[in-house]
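There are two complexes below, and they share subunit A, which is joined by subunit B in the first and by subunit C in the second.
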Partner chain A sequence: MEQVIANGFYLGAQYALIALGLTLIFALMNVLNFAHGQMYVLGGFITYTVYGQLGLPFVVALLASGLTLAIIGALMEKFLFRTVIRRSLREESTMLLAAATAFFLDAIILLLFGEKQRGVPKIVKGVFNEGGIILPYDRLVVGALALIFIAAFVLYMQYSRVGRAMRALAQDRVAAQLMGVKVDRYSMIGFAMGAMLAGIVGGLLVTITGVNSGIGGPISIKAFLMVMIGGAGVVGGAIAGGFILGMMESVGLTVLREYGDVTYLVIFAALMVFLSIRPNGLMGKPWG
Partner chain B sequence: MTQRAMTLSVKIASVAVFLAIVFIAVPVLIAASGRTDLYYTLTSVALLSIASAGVWLTFYIGRINIGQGAYALMGGYVSAILVVNHGWSFWPTLPVAGLFCAAASVLIGLPILRLRGVYFAMVTLTLTEVARLLALALPITNGAKGMVSIPLPGALSVFGLTIIPDFATLRNSRLAFYLLAVTLMVVCFAVMYRLVHSRIGKLCQSLQQNEELASSIGVNIAYLRVIAYAVSSFFGGVAGAIFAAISQSIYPSSFTVTDSVNFMLNCFLGGLGYVFGPMLGTLVLYFGWDLLFQTGQFQLLIYSGLMIVLMLVLPNGLLSLAAPTRKN
Partner chain C sequence: MINRRSTLKSMVLGAVSVFAMTAAGMLSAQAQNKELKIGFVGVTSGPAAAWGTSNVRSMQTRAAWINETGGVKIGDATYNVNIVTFDDQKDPKRAIAGMEKMAQEGIHYVVGPNVDDGAAAVRPVAEANGIIYFPYAFPKALYQKPASNAVLGMIANYQSGPAIYKYLKENKGVKTIAFVAANESDPLSQRDGGVEAAKALGLEVVAQNDTYQNDTRDFTPVLTPIVALKPDLLVLSGVAPANAPLLIRAARELGFEGLISTETAQDAKVLEEGAGEYANGFISVGGASTPEIASDAMKEFVARYTKMFGEYNDESNTKVYALEYILETLKANPAAINDVAEFKKTMDTFSAPNPYLKGDAKLSYVGTTSFGQKRQLAVPMVVNEYKDGAFQTLFVGTVD
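Now for the complex of A and B:
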């Protein structure tokens, strides 16, 4: 059982980091970023190229992943989402754009990196084995790094000037603008940060699970699940949702093993019931 | 008065032209050119536009529905199971599949229709996954192997008069399927048009704008939402049932999240403000994808690139070109 909980905790840290990026973009722009999974995959492939192929240090690869995705995110916001939001009669039109960018990134990833499953050499060798828990050291390192990134993100949002501006924007766009917050600039920074987080998790997880061009969609769905559990647009909710989903997956895979591959069916069903009782998730704001 | 009479005659004329095109011109042209493979493409377009019409209806009450694939899958399985396991004829399974989906959507819709915006979108998205996983897990759906070799639709006769001949005996079952799909599409969009221009349609529009306000002046919003969602799922189920009949098989992966997203994209592309938007959107997206097939590995890149450009230029859908800009 300790093993199951340790696995769940490790998964949860990764998931929380994915969900944070998605929820940040949603909070700032009311955009449901369908391309989040694809950004994750792209981050994974960049780390694969820099660390696995070119042989540069892992930290450099991780930085490259984060930076590339941040630039892509900023450009997407500036040239695509901002324009469509301004011109469209209905806010939901951004969903078509988001889906189209997801397809676009999928196509680019497929062209650049092919469809093979890719992995990289382990970053740390050895296995932690004590008190009934078996965890390879690289998982521990990746889990710890994820926790550090989460903490850094939360602190940044809480105490930096940029973070404060973004929180104001998420709370009330018009009021923030009236108080002199440069809405356009911080929307762009927020989108870039969200994309950067996706890229970083991709870079972290490629060292463990590897990456292939087809996992973007499923990752997006998982990210949506976490955001729904925790509540859309709330930092705390995304973290909670990530850990809850990680734990449910880990426990479910063990407990429900004899019934076949039904873990996600059970999770979905539970989520439906949960959402009918609490439509806005654990901590979400009501929509409308 | 004269102007109204004129617009009415214009409407009747355009409907007549449309019917003439789909029922006479298209079969004649295909027969002349010998491209019978186009029947399959056009049949798919007709069926997908029925499912998309359902999605459009949920947009009309202000909900983003990315779960139509679930109902299409459900409809396909209901029809397939009734035909294969219980020896039903295909024709009665068509309305049964639709009604089954409508009933299921009432049960599912009652809790989830309380959600709004992205929450509803995300729940319906996961609904598609639930449907796929259920089809994999349930014993009656035959798991990942799916249901195969479903017999073609048989003859349909009323009081001894054969209305529709047995599809298996037809020389050109593709044409038969095309006519069936197009007829259903015409009926479906006629129903949609009538619905949108009725009192219920106006009430639905009030939901789209402000549910609280609508509720405060006595609109039964919970009832309307469920009705609209049930009609939407009915369309999805019927489309799925015919798809299963055409391909004579159905698998858990017959309708996936991608299909659900595509149904939604069809509506966006055609224009959310126009009843016939989903039809146009489906036609353009499906044919665009088919035409780009020659570009090989760049197909998806060009397709999605065009979609992004289209979104930047015409964010309110293709049909917004025809309509005068209502802003200002």
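Now for the complex of A and C:
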């Protein structure tokens, strides 16, 4: 059972980091970014190219992933989402735009990086094997990095000027604007940060799970699941959602294994019941 | 007056004229060729894109090679081969739309679909429109009477599985076996076939209900309970190339020391990048490109594929054959070019040299034992073992 719990925590840390960027963009702009998974995939492929193919240090690759995705995110916000939000009278327009962006990125990634699964050399070799728990060291490193990124993100949002401005935007966009917060600027920064997080986590996880051009959609769905559990637009909720999903998956795959692949059936059924009781998720409202 | 300058000028003009006339001649010869459209309906996007992409690229490589060397002569006419493609996105509804598109284009020979449900879904369209299709899907009903238009393009798991398990039982002392499969129709049916074959061989099946979502990225939770059972052999039933290295790596990191195998084709580069040395000893089914058995034609095919698409995919070893069979069968009976009934007649007696294997291997249609009629391509059952970035041939079998 120790192994099952360790697996759950590790998966949870991964998932929480994936969900953070998605929830940030939703909180700031009320945009369900269906392209989040594709951004993750692109981040993975950039790290694959820089670290795996060019042989540059992993940290450089991770920075390249984060920076590239931040730029892409900023451009997407400025030229696509901002325009649509300004001109459209219907909220669904941003969802359609996000879905179209996801398909577009899928096609671009397939063209640029091909159809094959890609992987990179392990960043740390060896396996921790004590007290009934087996965890490869690279997973421990990635898990620790994920926790550090989560903590840094939360602290940044809590105490920095930019973070405060973004929280104000998330709470009440109009009030924040009236108080002098530059909505366009902080929306762009927020979108860029969300995309950057997707890129960084894609870069981190390519060392463990590799990457292929077709996984963007499933990653997005899982990220939405976590955000729905925790409460859309709430950072703490995304983190909680990630850990809950990771633990449910790990326990379910062990306890329910004799019944075939019912783990996700149970998770989805539980989510339906949960949302009917708490439609806003665990934490239910944007940053207070 | 003839000087050096005018001599040079004349030589250059002469050379250009000869080149132009040769090029014009070649172009007009190519232009005189008729067009033979061969269809492809399969998955070239999404998580399973690797299956269909390696499939269609094999066809495109071979078609370009044929066209470059003057086309293919069928009866009295010479044809350039044109591959018409359709991405079914692994969706049976889209596979039907793809097959309907092929029918509208007057195509009679289609390679694909790549998965069970797609292959089953297109059957009525193919039969109604006189299309022979070559799925990479294993349900026997597709190939047994009354069905007659589908021809299995590769070795089925119920043919390779028993051979692999028997080999490992006799040569590696395997006694216990565990199965893990994605929760999709192909892998699950392959798992069921594998379990049946293992039991028939007297192996003890210690796990057979463990499944995973095909989009799983971290397989540690899936494999933790299976590894604890310490089977001698872990079978990754119907595993997608994207998932194979992740499963292997997770199993080895959890301390699994037994053998790992699958009955699907894999790519050495993907295994190397995703699992590294953990993949050493992994057993899978291949085609014809391992050095021990590949002919010069196979080597040229690999070189042309690599030049055309930047990187070879070892899965193409099993997918190089379908187009070759179509063209060779049409050459044997030119009346079949627009009449699939003629094609079916020819299948019973067809035989031609296999250009991709060393020695005197033959192309022919088989399947009598498995399907009661010849509805399978006789591709070699090459069982490979991965070692340090490349496949080595473990053994070669045949089906009848």
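The criterion applied here is as follows: the second predicted complex is superposed on the first by the 285 of 288 C-alpha atoms of A that agree within 3 Å, B and C clash if a C-alpha of one lies under 4 Å from a C-alpha of the other, contacts with A are read in each partner's own complex, and residues count from 1 in each chain.
We adopt the following convention: contacts are C-beta pairs under 8 Å (C-beta built on N, C-alpha and C of every residue); 3 or more make two chains touch, one makes a residue touch a chain.
Treat the numbers as computed from the prediction; the structure is a model and nothing was measured.
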A:L110 in the overlay: touching subunit B, subunit C, both, or neither? Say first, second, both or neither. both
If you stack the two complexes on chain A, which partner ends up touching A:Y264: first (subunit B), second (subunit C), both, or neither? both
Could you look at A:N129 and tell me whether it touches subunit B, subunit C, both or neither (first, second, both, neither)? second
With the two complexes superposed on chain A, say which partner A:M228 touches: subunit B (first), subunit C (second), both, or neither. first
Going by the contact rule set out at the top, does A:R118 touch subunit B (first), subunit C (second), both, or neither? second
For A:V84, select first, second, both or neither according to whether it touches subunit B, subunit C, the two together, or no partner. first
On subunit A, positions contacted by subunit B and by subunit C: 106-107, 110, 217, 260-261, 264
Residues of subunit A that touch subunit B when the two form their complex: 26, 30, 32, 34, 80, 83-84, 87-90, 92-93, 95-97, 99-101, 103-104, 106-108, 110-111, 217, 221, 224-225, 227-228, 232, 260-262, 264-265, 268-269, 271-273, 275-276, 279-281, 284, 287-288
Using the touch rule from the top, collect the residues of subunit A that touch subunit C in their complex. 3-4, 7-8, 10-11, 14, 52, 106-107, 110, 114-122, 127, 129, 134, 136, 139, 205, 208-210, 212-215, 217-219, 249-250, 253-254, 257-261, 264
Given the complex, residues on subunit C that touch subunit A span 44-50, 53-54, 183, 209-213, 215, 217-218, 220-222, 224-225, 241-243, 245-246, 253-255, 267, 269-270, 273-276, 310-311, 313
For the subunit B and subunit A complex, residues of the former touching the latter: 59, 64, 108, 111-112, 114-119, 121-123, 125-127, 129-130, 133-134, 136-137, 211, 257-258, 261, 264-265, 268-269, 272-273, 297-298, 300-301, 303-305, 307-308, 311-312, 315-316, 327
